[in-house]
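Structures follow.
The following pair of complexes shares a single chain, subunit A, combined with subunit B in the former and subunit C in the latter.
Up next is the complex of A and B:
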């Protein structure tokens, strides 16, 4: 009978194992493919030769794999994990399956902060991350104020507020860009569409150190998120400290999202695609969904980055374009379905 | 009667709460004995729901004292309060596809750690709660797929799963059809009689309420109009004072329970009502 005792824990392990295999495969593919050419199979061999200490390994290729591709793949994984977890948290807090940092304008707000930081000439970390955080908290406050006064933050009013905040953010961003005359324009523009190409190992490590504790904190609150889906008052009557949990989740999520935005720019819809896909497969229990979104989101983003790098003959597509092309149609489909 | 009756489950002393200047409660004082069936009635905006939120600890009273099982509510921790008082709200829509079992199991969270992993006991208690409200067969279905009556029984099972001494229900029969209304009320009575749980309920259906309640609390504008056994509270003077509409009060064919009949405008001063009044003592009706 003890088998039932850890029913949820078992599910978490099973789900994480499967998704980790997916993530690992995506990462190996991500390491072995790239613009420097070569067959995929040789690439994979190259990756493994590092571990087997194969004498035949190509030093040049090894440098490319471990100095250039590895940080990028890691960054993609971290960004994907953060954004899909961010989406999941917002969906739970606002009790709205369509909520997502990008759609709500939170990402846009941190982008304004980040661009201001870049223009002033701050370093990526902590300077730009800090201004991005301030920007995201500002827009978050704005969205919440606009949507407040409604009973449970009505779906449409929340999405509409988000659309308006987003429109406003875009205007501010365009304004900032129009003021900029030098080469920074190109950087900013590319960054706005989501850009993982600037990944450096030490930056990635700092990002990891920033977001991993956030993941843990959110996992600890995952059961409270379950209860809050029944309504704040119900959760309160089951012993959840609603105010504390809400504030911790909002601040933690905004913090980790602005950290990633400051590293890689705006990547939309990841927070919509992954939680929905996983919820469809695994059900809504956040104790399972939080780890699943972290690992699954990471794998999804690494795969999207792989597409971004390999689809075009020359150069690469901004990753935000790929995620939006997948995510926006899904959003429309979900909106249509939730209306019926 | 028994020893248990003397224990007070909820004692409100001069309880007050203001809320955007409306839907307030003012200086409410009353006591609900342990194991009692207590129903709060009153017109819209009289403060019933606010009162329930204050009683459940969701809203802090701005004035007065509230004792639960003889202990001031502030002295309870969140968890111990949740182990004592459970709440079944008005129908909530849940946009996330939780199964019935998952929802009922959430009632165990006041007894569990941060992540709320369930053990065998939790699963058993949830199973019993589902059996009690007859939703066992729906355990693996999603809440959103169920009918209103089934959803309400699931939410009640969740409250039972919390193993509270006191259950607060906010209009549990609203939007249910006749059969489901009686079924939910019978369930609550069974819970009160068999398990000694104190039931406190807000209801709009006075006829149904007076068949079950041991004590009725009639409030208007946040103040007590009348409190006591149904046959004392439900006379036309008090009802007229509270609701301000034309109605007849007579006796239910099922026994010594008051029965309210609302009188549409076209019947006021009609020969039908006159004939009725001649038969009955006119004390029991009100027209204006």
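Up next is the complex of A and C:
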């Protein structure tokens, strides 16, 4: 038993090191490119000149890198980690490889809550985050009720109910938007497709303080998730309180998803791409998958944000567009494969 | 003892230095239209305009040599297109703005997102917000910007010219017996018109028209049925709706012979930039509207 544990720890360590290198590279690239132009190489030099106390220290460039790009990169990393971990948890709990917060409508539900909060004029934190959480819990309950009655949530019924909840959510969102007359509507529209452009350090800190404990909690429950995948009886006989674990995981996940949605809007399919990719590489052990999804998801999102910022000549593409363009084809591919 | 004296003298010189810097330095404090105290340079030389209207005002004041950046849709005067772009009016690119090292940003209250304005300030970039909510406020805005950019005289001249032209229109309009009913269309699908709290309403009223869609909703959505029932004498369409030609929109209205404006062929196109952008050109827009709504007034004058 002991040797097994040390083996797992070694694997976690190795996987995290590799993924951290990926994340670090993405972050350095993210810090060194931006709309103010300039070569990537000089950008990278600028980033490192901060640590070396170089004479080529350019105050304006340092402001841009550390006060504008850095919070944004961190926010992208946190959001990516949260969303891919959320996907992983939903896939394990619902025993459905296609489950994902965005597809299930959890993100849509938080968006309704968040928009209501914005329209009422609540502060971003804790007001909007709170209404977003209520919204996400509401849709989660709705999805579960609609797909209940079966011991194992069947793929099709769960997805169908998710699609319906999502359609309903978008209708409510459009309804709220068409009721709004004022100029805030532009912000909401940008925010709906995922907007990281106004990231600030205190916002990042608040998000980190809310999601990092969730990461830890989910990691502690990762072995229970492994056992639950073996079946209810098996897990029960191994001493897992299935009901409690399920509820804790669902609520924690919805909580962290809704906090990211309230900060930066709807970003879909991240919870599908990373868990699947990593599961292919690493196998199904959740003790490895949870940290891997956190680090890998963070790197993926930072890379997507980099694309969102650099692809268009002027302005930027909403990040949700990039993730959906990568994720939706993958979803169709997975659906096709699971059918055959 | 001597040491203490030195310390005291040092402190005195230090504080004097500060007093001097604040009193005679290159900064001054002003209160902007958001009611905030903003420290602005006495003679700013690196100005970033955060709205097309502000860009127009800066150009009208002849201060474009101080302009270092404009927003995406700043298209007037044509030279404005050559300036670096800092994102659009509603979606500002903060990084780009910072990289231009502005010593003053000119923003619009209720237009530019307040988050972005606060963000710029935290990065130590002074942001002065103007509030051009109606024609009088546009003149205030011109005077504010003139004051900030050391172009007070130019601002006064522009305002004087605007006031004179508005007065002229007012005297003309005072002669009309009945105000023609105007339907002003700023959106095609859905049909969108203008309520009371808009420039367009103010301009229509000044030009001697009766805005059929006045009311609390700023941009009310209308149906063809409602327009038919109101029976406008004049139908004015702005060029705001991109991608759809004026001719095709006009042709759609032509089907409804019962509308007086259709019967008398009084359907007109107006460039939206001169009637809904709070700039000195609003007066051009006003004169154009008089021409469309009350053409007989202009014929009477020699």
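As a working rule, the second predicted complex is superposed on the first by the 335 of 340 C-alpha atoms of A that agree within 3 Å, B and C clash if a C-alpha of one lies under 4 Å from a C-alpha of the other, contacts with A are read in each partner's own complex, and residues count from 1 in each chain.
As a working rule, a contact is a pair of C-beta atoms (placed from the backbone, for glycine too) under 8 Å apart; a residue touches a chain by one contact, two chains touch by 3 or more.
Owing to the predicted nature of the structure, the values given are computational and were not obtained by experimental measurement.
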item	value
Clash or fit, subunit B versus subunit C on superposed subunit A	fit
Which superposed partner A:223 touches (first subunit B, second subunit C, both, neither)	first
Contacts of A:97 with subunit B and subunit C, given as first, second, both or neither	first
Inter-centroid angle subunit B-subunit A-subunit C after superposition on A [Cα, multiple of 10°]	150
Partner chain in contact with A:45 - subunit B first, subunit C second, else both or neither	neither
Residues of subunit A touched, compared between subunit B and subunit C (which is higher)	B
First, second, both or neither for A:284, with subunit B first and subunit C second	first
Subunit B versus subunit C as contact partner of A:200, first or second or both or neither	second
Partner chain in contact with A:241 - subunit B first, subunit C second, else both or neither	first
Three-chain overlay, closest Cα atoms of subunit B and subunit C, distance in Å	44
Residues of subunit A contacting subunit B in one complex and subunit C in the other	none
Complex interface listing, subunit A residues touching subunit C	34-37, 60, 63-64, 67-69, 181-183, 186-187, 190, 197-198, 200, 314-316
Contact footprint of subunit A on subunit C as seen in their complex	72, 85, 87-88, 90-91, 93-96, 98-99, 101, 110-111, 113, 115-116, 119, 122-123, 217-219
Sites on subunit A touched by subunit B in the complex	1-2, 4-9, 95-97, 219-223, 226-227, 229-231, 233-234, 236-241, 279, 283-285, 287, 338
For the subunit B and subunit A complex, residues of the former touching the latter	53, 56-58, 78-79, 81-83, 85-87, 89, 92, 94-99, 102-103, 106-107, 109-110, 112, 114-120, 123, 162
